[in-house]
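Heads up, the next two complexes both have subunit A, just with different partners, subunit B and then subunit C.
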Partner chain A sequence: MSKIVIQNLNKLYNANKPNAFYALKHINLSVEEGEIVILKGVSGSGKSTLLSLIGGLSKPSSGEILVNAQNIAKLPDIMSSAFRHTEIGFIFQSFNLLEGLSVYQNILAPLALTKLGKEAMHEKVSRAMQLVNIEHKKDQNVGSLSGGERQRCAIARAVVMEPEIILADEPTANLDKENALIFIEILKKFKALHKTVVIATHDTLFGGLDCIDRCVLMRDGELLQ
Partner chain B sequence: MFRKNFVEYAILLLIKDRNDHLFSFLIFSFIVFILSSVLFISDSLQYDLIQSINAQPSIVVENTRAGRVYQMHEGYVYDISKITGVSSVEGVVDGYHYFAQKRLWFHIIGDASLAKDEMVIGQGVQKAMAELYYEDEFHFLTEERLIKVKINKVSPKGANILSNDAIFLSPNTARAVLGMEMDEYSKLYVSVPNPNEVGNVALKIVEIYPSAKATTQEDAIGAVRHVYYYKGGIFMILYVIALVSFFILLKNQISLVYGEKKKEIAILRSLGFCIKDIIALKFIQNTVVSVSAYLLGVALAYVYVFVFNAPYLRNIFLGNELEDSISLTPVVDLNLLFLIFLFGVIPFLAFVILPAWKIAISDMSEAVKS
Partner chain C sequence: MSIFLSNEIIVFLLIELILIVLMAISQVNIVSIVRHWDFDATTPLQYALEKKNYLVNTILYFTVTCKVILFLFFIQSLNSLAGIVPGAMCSAGVVGANHYGNALLLLKLLLIFGFGLWLIVNKLDLSSIIFPYLKRKYLLFTLLFIGVLGEFILEILYFSNIPLTVPVFCCSVVFQAPRLPFGYTQTLLVLFFYTLFGVIVLFNMLKQTMASFTCNLLFLFIAYYAITYFFGLYVYEMPNHKCPYCMLQKEYYYIGYLIWGSLFLGIFFGIMPFLIERITQKSYVYLLKYSSICLTITALICSFYVVRYYLMTGVFL
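Our next item is the complex of A and B:
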């Protein structure tokens, strides 16, 4: 069963202006449930734009994005935010942690929108920290973490709501080899948990991995395969 | 209304950014402190003066000559007491004595209950006299002679704003100090039992004595209110200070949602916070900051004015060295405090919430990438 279906998707920036350009052109793609898909391509090929559209962070100019058979492109803000909150876990290249807070407090952020009790929240955060092996740093300020630890904290925050879809934008771009391999291990755990994962990357490390189901090449806003 | 977890997280983020909010907090507290202090002082002075006026009779009559207050003889008392509606007319001896050694003016008031050689003085007068070692007795130096009077009693501190610079003497001693004849009065207190007739009686007095000035209680209260009117001179200066501070505050408020904070909004949006949640988050944080700053400002103003007696600011309002020893009566006008709250807190919130809303509705994809 297709988890994500994208039909004839276009994203035009600066519409009606002389510098208008298409970041995405006629994208058609479907991602099955539990599948791990790599979006490959050079910078500016439209990978990140596609991820932000799938995650409901921005709206397409035309076309449809069906997630669980629901067209998220047409959802009003309150519903697309709720969808993002429960269904999507974002992992960013720059980690996007809330500086000044501890690891635990960062992972807690999505749970602020729930009505869960203290214990239930603590359990969820602990489970997410266990998954990425960052429990020992839980009280440490994220500003004092290494790049790999920051990435793991960001991943824990992305999965704390137990979303079915994980979207990762250049997750290894700011990591050294050792930490990139740790990310691959976490990716395998996602596979075991039957998560649907879409990764935008140009890192060759992902080539030939067993856990990767498919690689899709993008260029100039178009899907090539 | 707000979920508990959400409020707790908003407070957590507020504590994280406490240094950014500290400036707004301090400036807003300062503004509220200035405005509340001014209002507390003016309300307190108005209250005391109006209380004094309320204790006076319906009409106060003064005679004028060449534009200056001039004495009235017994004939005035007789003529005015014959006007219909007047129940009694009391002649009062009242004037000012210049204390040259201290370059001060003492307010001389005739009091029939006092003996010829004794007097009751206000706190400010006692202080001024004591500085020149007049502790038991004071010597009034007039054109004709030196009048020695014993200090019988000192009015209790804060008894009345008007009694602070006052010296109460027997009417005849007061006349001697003021250089008046024995059958002369400086003021007449006219009692009119029916309040509806006060205006007419005042007009009749002026008809009989065109050079006289008949001031009703209502006119006197109006004059006091005019002196401490909130749109007046010193008030305006203080309001301008508050206004300038307020613009500095608002500029700081706007900066709280740009730069790094813009990215923070984008991160929260990526985690599932909707536009309404972002606005609610900023609302909670800034309500905590503004309400606590407001309460601190009002509390500090109360302590400053009514406990410490408003040093520095009091002198601006009273402008008389003798009035230094006045205790301000605690009077709090809740309506005006509510107005300060309304015109302070609402712009404070608006200048964060509107930019936050503008950022929250924009495309977040670029902000989370940077």
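Our next item is the complex of A and C:
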């Protein structure tokens, strides 16, 4: 069953202006449930734009993005936010953690918008921390964490709502090789949990991994394979 | 001195003008949205229209809310103008300074009800993914926009015809002239007031939206006359002071705001479920409960003044 279906997707920036350009051109892509897909390509090829469209962070100029058979490009802004909150886990290149808060508080943040009780919240946060092995740092301020730890904290926050889809934008760009390998171990756990994962990266580390189902190459806003 | 140079009128007309410009911009966009809207399409045009729709909704939500608040400012301004209009002791003199005043006030009230309806339909429309009431919502807004343009013309006519050298009639004349509508007596008015109030509460309990709509509209006029020509006398404790506005003043502890506010809110909640049903086929009968509560507040306050006066003096006015 297809989790994500993209049909004839275009994203035009600066429409009706002399500097108008297509960030995405006629994209057709289907991602199955539980599949891990890598979007490869150089900077400016449109990987991040595609991820932001799949995640409902921005709207396309034309075409469809069906997530669970619903065209999320048509969602009003308020519903788009709710969709992102419950269905999507985002892992950003720069982590986007809430500075000044502890690891636990950062991971708890998405749950604060739910009506869950304290116990249920604590259980979910603990599970997320276990998944990425960061329980021992739970009371530490995120400002004092290493790059790898910060990223694990960001991953835990992305999965704490238990989304079925996880989107990662250049997740290993700010990591050394040791921490990048830790990320790959976490990726294997996602595979075991049957999560649908789309990763935008130009890191060669992802090539030939068993847990990766497919690599898709992008260039100049087009899908090449 | 021109009345257009008074602070209240400058501020009021300037805000009105800004809101009209914003509404006109929205109206231009509404035409293109309604003409080309096809929610199922995934074309660049449709996505552009969806963005435009979001912008228009934001502007309209802001302007419509401002219009509702501006109504209160208008009422307050009328009170302040009594100081510069010769002969006017309260808003009665200012409103009655020419024959545009009462028409303007009635139009404003109807538009407020219309804006309230629009806000509810808009909320329903935005809470659904497919914008099911988009065209009806914008048709309703177009009608309201025409009303707003008419209101603005009426405002200009009204303000420019307020005489500042010739004394106007005010409560002094209202005092002497007990002009009851359709030849009603005070007893008949009060009887109608309480009977209709009881009938509305009953219909509201039975969730009869159409019956409640009809009775509420009727009650608006009956209650206006009953408050002005009967209950008002007990608020002012004067047998001939028949004025709907003086009770808004400090001397009467601003009780008029509560009386008229609860009355208009009660009427609004009473007529909305029927109109919403007509436009959206959605049930909003729970509003009838609020109608009953608000109208009960009106009836209780009005009755309180009569009972208090009787207990204090042993007679009715």
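Keep in mind that, in the parts below, the second predicted complex is superposed on the first by the 225 of 225 C-alpha atoms of A that agree within 3 Å, B and C clash if a C-alpha of one lies under 4 Å from a C-alpha of the other, contacts with A are read in each partner's own complex, and residues count from 1 in each chain.
By definition in this document, a contact is a pair of C-beta atoms (placed from the backbone, for glycine too) under 8 Å apart; a residue touches a chain by one contact, two chains touch by 3 or more.
Being a predicted model, the structure only gives us computed values, none of them experimental.
With the two structures aligned on subunit A, subunit B fits next to subunit C without clashing.
When both complexes are overlaid on chain A, the residue A:G100 reaches subunit B alone and has no touch with subunit C. When both complexes are overlaid on chain A, the residue A:L75 reaches subunit C alone and has no touch with subunit B.
For the three-chain arrangement built by superposition, the Cα-centre angle with subunit A at its corner and subunit B and subunit C at its ends equals 40°, in steps of 10.
When both complexes are overlaid on chain A, the residue A:G221 reaches neither subunit B nor subunit C.
Looking at the shared chain after the overlay, A:S61 reaches subunit C, while subunit B stays out of its contact range. In the superposition on chain A, A:P110 makes contact with subunit B only, not with subunit C. In the superposition on chain A, A:T49 contacts subunit B only, with no contact to subunit C. Using the contact criterion defined above for the overlaid structures, shared-chain residue A:L12 touches subunit C, although it does not reach subunit B.
For subunit A, the partner that touches more of its residues is B, with subunit B and subunit C as the two candidates. Superposition on the common chain A brings subunit B within a closest Cα-Cα distance of 10 Å of subunit C.
When the two complexes are laid over each other on chain A, subunit A has residues 77-78 in contact with both subunit B and subunit C. Subunit B makes touch with subunit A in their complex at residues 3-6, 8-10, 12-13, 16-17, 260, 263-264, 266-277, 361, 363-365, 368-370.
If you check the complex, the residues on subunit A that touch subunit C are 7-8, 10, 12, 15, 59-64, 71, 73-79. Residues 48-49, 52, 55, 57-58, 77-78, 81-82, 84-86, 88, 90, 92-94, 96-101, 105, 108-116, 121, 157, 161, 169 of subunit A are the ones that touch subunit B when the two sit in their complex.
Chain contact summary for the complex, subunit C toward subunit A: residues 39, 42-44, 47-48, 50-51, 54, 126, 129-131.
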